[in-house]
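Chains: A, B, C, D, E and F, in written order; residue numbering restarts at 1 for each.
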Amino acid sequence: MRVSVFRQAHFNAAHRLHNPQWSDEKNQQIFGLCNNPSFHGHNYELIVQITGEIDPETGYVIDLKIVKDLIEEEVVRPFDHKNLNIDTDEFRNLNPTAENIAVVIWQKLRRRLDSHLDLSVRLYETPRNFVEYSGA
Amino acid sequence: MRVSVFRQAHFNAAHRLHNPQWSDEKNQQIFGLCNNPSFHGHNYELIVQITGEIDPETGYVIDLKIVKDLIEEEVVRPFDHKNLNIDTDEFRNLNPTAENIAVVIWQKLRRRLDSHLDLSVRLYETPRNFVEYSGA
Amino acid sequence: MRVSVFRQAHFNAAHRLHNPQWSDEKNQQIFGLCNNPSFHGHNYELIVQITGEIDPETGYVIDLKIVKDLIEEEVVRPFDHKNLNIDTDEFRNLNPTAENIAVVIWQKLRRRLDSHLDLSVRLYETPRNFVEYSGA
Amino acid sequence: MRVSVFRQAHFNAAHRLHNPQWSDEKNQQIFGLCNNPSFHGHNYELIVQITGEIDPETGYVIDLKIVKDLIEEEVVRPFDHKNLNIDTDEFRNLNPTAENIAVVIWQKLRRRLDSHLDLSVRLYETPRNFVEYSGA
Amino acid sequence: MRVSVFRQAHFNAAHRLHNPQWSDEKNQQIFGLCNNPSFHGHNYELIVQITGEIDPETGYVIDLKIVKDLIEEEVVRPFDHKNLNIDTDEFRNLNPTAENIAVVIWQKLRRRLDSHLDLSVRLYETPRNFVEYSGA
Amino acid sequence: MRVSVFRQAHFNAAHRLHNPQWSDEKNQQIFGLCNNPSFHGHNYELIVQITGEIDPETGYVIDLKIVKDLIEEEVVRPFDHKNLNIDTDEFRNLNPTAENIAVVIWQKLRRRLDSHLDLSVRLYETPRNFVEYSGA
């Protein structure tokens, strides 16, 4: 009996989309306003989905307080109120698109979870633009 | 051509997380504030997903008025404005975690639906904590 | 590394559920208030999900500005502020249930996307009633 | 000690913005897509605010079940799944803009409430466009 | 130049509406399901509004971190995951309707704020039922 | 018969809270994470409220398409995907707190509206932190 549990968290960050191997013109053409060299920012909403068996003793797949603390440690503390391009190791050489941020968050959480648990992350860059990665 | 239809409903209930085979200390340690012997409560939001073929005569997978009435009968009437631990048969001996509530709701609805329809239920305990069960 | 990207859009339309091969009585019995011959309407919220590989040069699965423009062209311009039964070719002879609208939108978008991209559409007729179609 | 209580309800309706004293060209110029002669529609969300003293016996300003039933009777039953221009007396000769709908709803509810209670209504035509009327 | 700042918080609690001076029949008749002697519960969403002059040195009316901590201390810690009727002094002899809870929260916060700041609290018992109190 | 009409818009921007007349230590102490010299960012949601008489010919207080275009011109174009501290004249020497941003937006819109219309702006910095300014 596999059940998914979800925990939502959020962080606010600045970023800039940019490919250093392209000319300024091409960056501007592809990334438009998101290429602004002074950066812009977002309220990122993150939904972490963990799937596994219900533990018959607790009735939990995993205690969501543990998930909350894990997200705090791996995502909120390093990314919240940060400039992703400047202040983080992960995006110094990786373009911080929503897709890449979701994959990085997935990788950071994946290595902290038991292997019998499945993981998926959904990341809202705005209420109308969002992405999802499940490790496939 | 299989399409999913979704219907959202809600109910308000009190509950307490507790394992009677554990000491008070262990219950407190594992369930924390949720173990409060006087109970606490939630506005549960339920999303029922039913997947099947579109009936060419109606254009419906299933009439959502039927789904609404089914949820009313199987979930809202027995659980709304109730204390799950005290007032319901299902959770007298089953810890009313979101996971277990979702599984119970799934089982109650499953036996009322035609076998060619797939069923999944998502249950929000709070806007930030939720679970999903698809019978897998 | 397959990632899903989502873009949300909306359109407002009038419609009427009706099967011309049925009597007025049967239409009224099956579709109830939705059969009103003077029409009623909805704010439709559409979520388009596109799944594919991340392009290592852009960090995008697909530029969401392209998806936004595609939705504008294929869905918003033809359906927004329209009467689906009267003003559109698609629903002149197809009952505009949420299920059928989702399938039509999926078909219109599918033929505009590269074959290596997967597509799913979710359509909210109201916040509590919605459908999803993935081409399966 | 005056407290406001709020109750939210919704109805789905078709409408057309049109001034019969204007030419078709002027109607098209002023109302644009909203002038579509085949109608379009919305999910209207209504928030009714009632302000008064707390009754010390009940702890209520007014029982929200009463407010719910009043909205059902005065607003939902006459307007839900209707074409406002065709199916209602109120908008046969009154342009069903959000402003005018809010004023009509306010007037219908006002005459049903005790005079010591204040009334305000907010009406969402879409999540981004809404109006409020307080009888001032 | 007076500006309002708002901070939203939430707490989950059980409660029961009951007037001990009435018969069981009258309590049942007036409060209906909310009179359940085993209690039910809600996710309460609280919005605290504070109005004052902008401090030219900080650009703040009041630091929202201070407001957040104040709400935590005065509202969340004493009420979250509690049974309002049993576990709190405030509602042992006061019916915990949304109206009364809002007034109590307003009074607890009012005595902690400078007198040149205005205060209003909005409390959602459910997304569709809510109240507001401004001390008037 | 004065009615309020509301239009919601959004923009994404980077900013940093900083008082240049203070030491780095004091800035860090007062503004905390918001003082990050590399900036952070937000999805700002703006709600513009305009109050006036209903024009009997149109049924409008003011055409919301006009309000939408005005917000686009005065707020979205200059602030969206910008670094408020670096890329805008308004916040080069004014700390871009939510309070100050709301006042600036109010002033920019106020001078574009007829004097018989009242104006209020609400600005969400996050879903839980927001401000409102009405020119008082």
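Everything that follows uses one rule, which is that contacts are C-beta pairs under 8 Å (C-beta built on N, C-alpha and C of every residue); 3 or more make two chains touch, one makes a residue touch a chain.
Worth saying up front: this structure is predicted, and the values here are computed from it rather than measured.
*Asks:* Indicate the lowest number of steps between subunit A and subunit E, counting one step per move to a touching chain.
*Replies:* Graph distance in the chain contact network comes out at 2.
*Asks:* Once the contact rule is applied, which chains count as partners of both subunit A and subunit D?
*Replies:* Common neighbours, subunit A/subunit D: C, F.
*Asks:* Taking each chain's centre as the mean of its C-alpha atoms, which one ends up farthest from the centre of subunit F?
*Replies:* B
*Asks:* For the pairs D-F and B-E, output the one whose chains share more C-beta pairs in contact.
*Replies:* Most contacts of the two pairs: B-E.
*Asks:* So which of C-D, B-E or E-F is the twin of D-E, meaning more than half of its contact pairs are the same residue numbers?
*Replies:* When the contact pairs of D-E are compared with those in C-D, B-E or E-F, E-F matches.
*Asks:* Report same or different for the subunit B and subunit C interface, where same means the shared residue numbers exceed half of all residue numbers found there.
*Replies:* Shared-number fraction below one half, so different.
*Asks:* How many angstrom lie between the CA centroids of subunit A and subunit F, rounded to a whole number?
*Replies:* 28
*Asks:* Can you pull out the residues of subunit E that are in contact with at least two other chains?
*Replies:* Residue numbers touching two or more other chains: 127.
*Asks:* Give every touching pair of chains, nothing left out.
*Replies:* Chain pairs that touch: A-B, A-C, A-F, B-C, B-E, C-D, D-E, D-F, E-F.
*Asks:* Touching subunit E in the complex: which residues of subunit F?
*Replies:* Listed in rising order, the residues are 17, 19, 21, 30, 32, 94-100, 102-103, 127-133, 136.
*Asks:* Considering only the defined contacts, which subunit E positions touch subunit F in the complex?
*Replies:* Checking each residue of subunit E against subunit F gives 1-9, 49, 54, 57-61, 63-65.
*Asks:* Inside the complex, what are the residues of subunit D that reach subunit C?
*Replies:* On the subunit D side, the touching residues are 10, 12-15, 33-34, 36, 38-43, 80-83, 86-87, 126-127.
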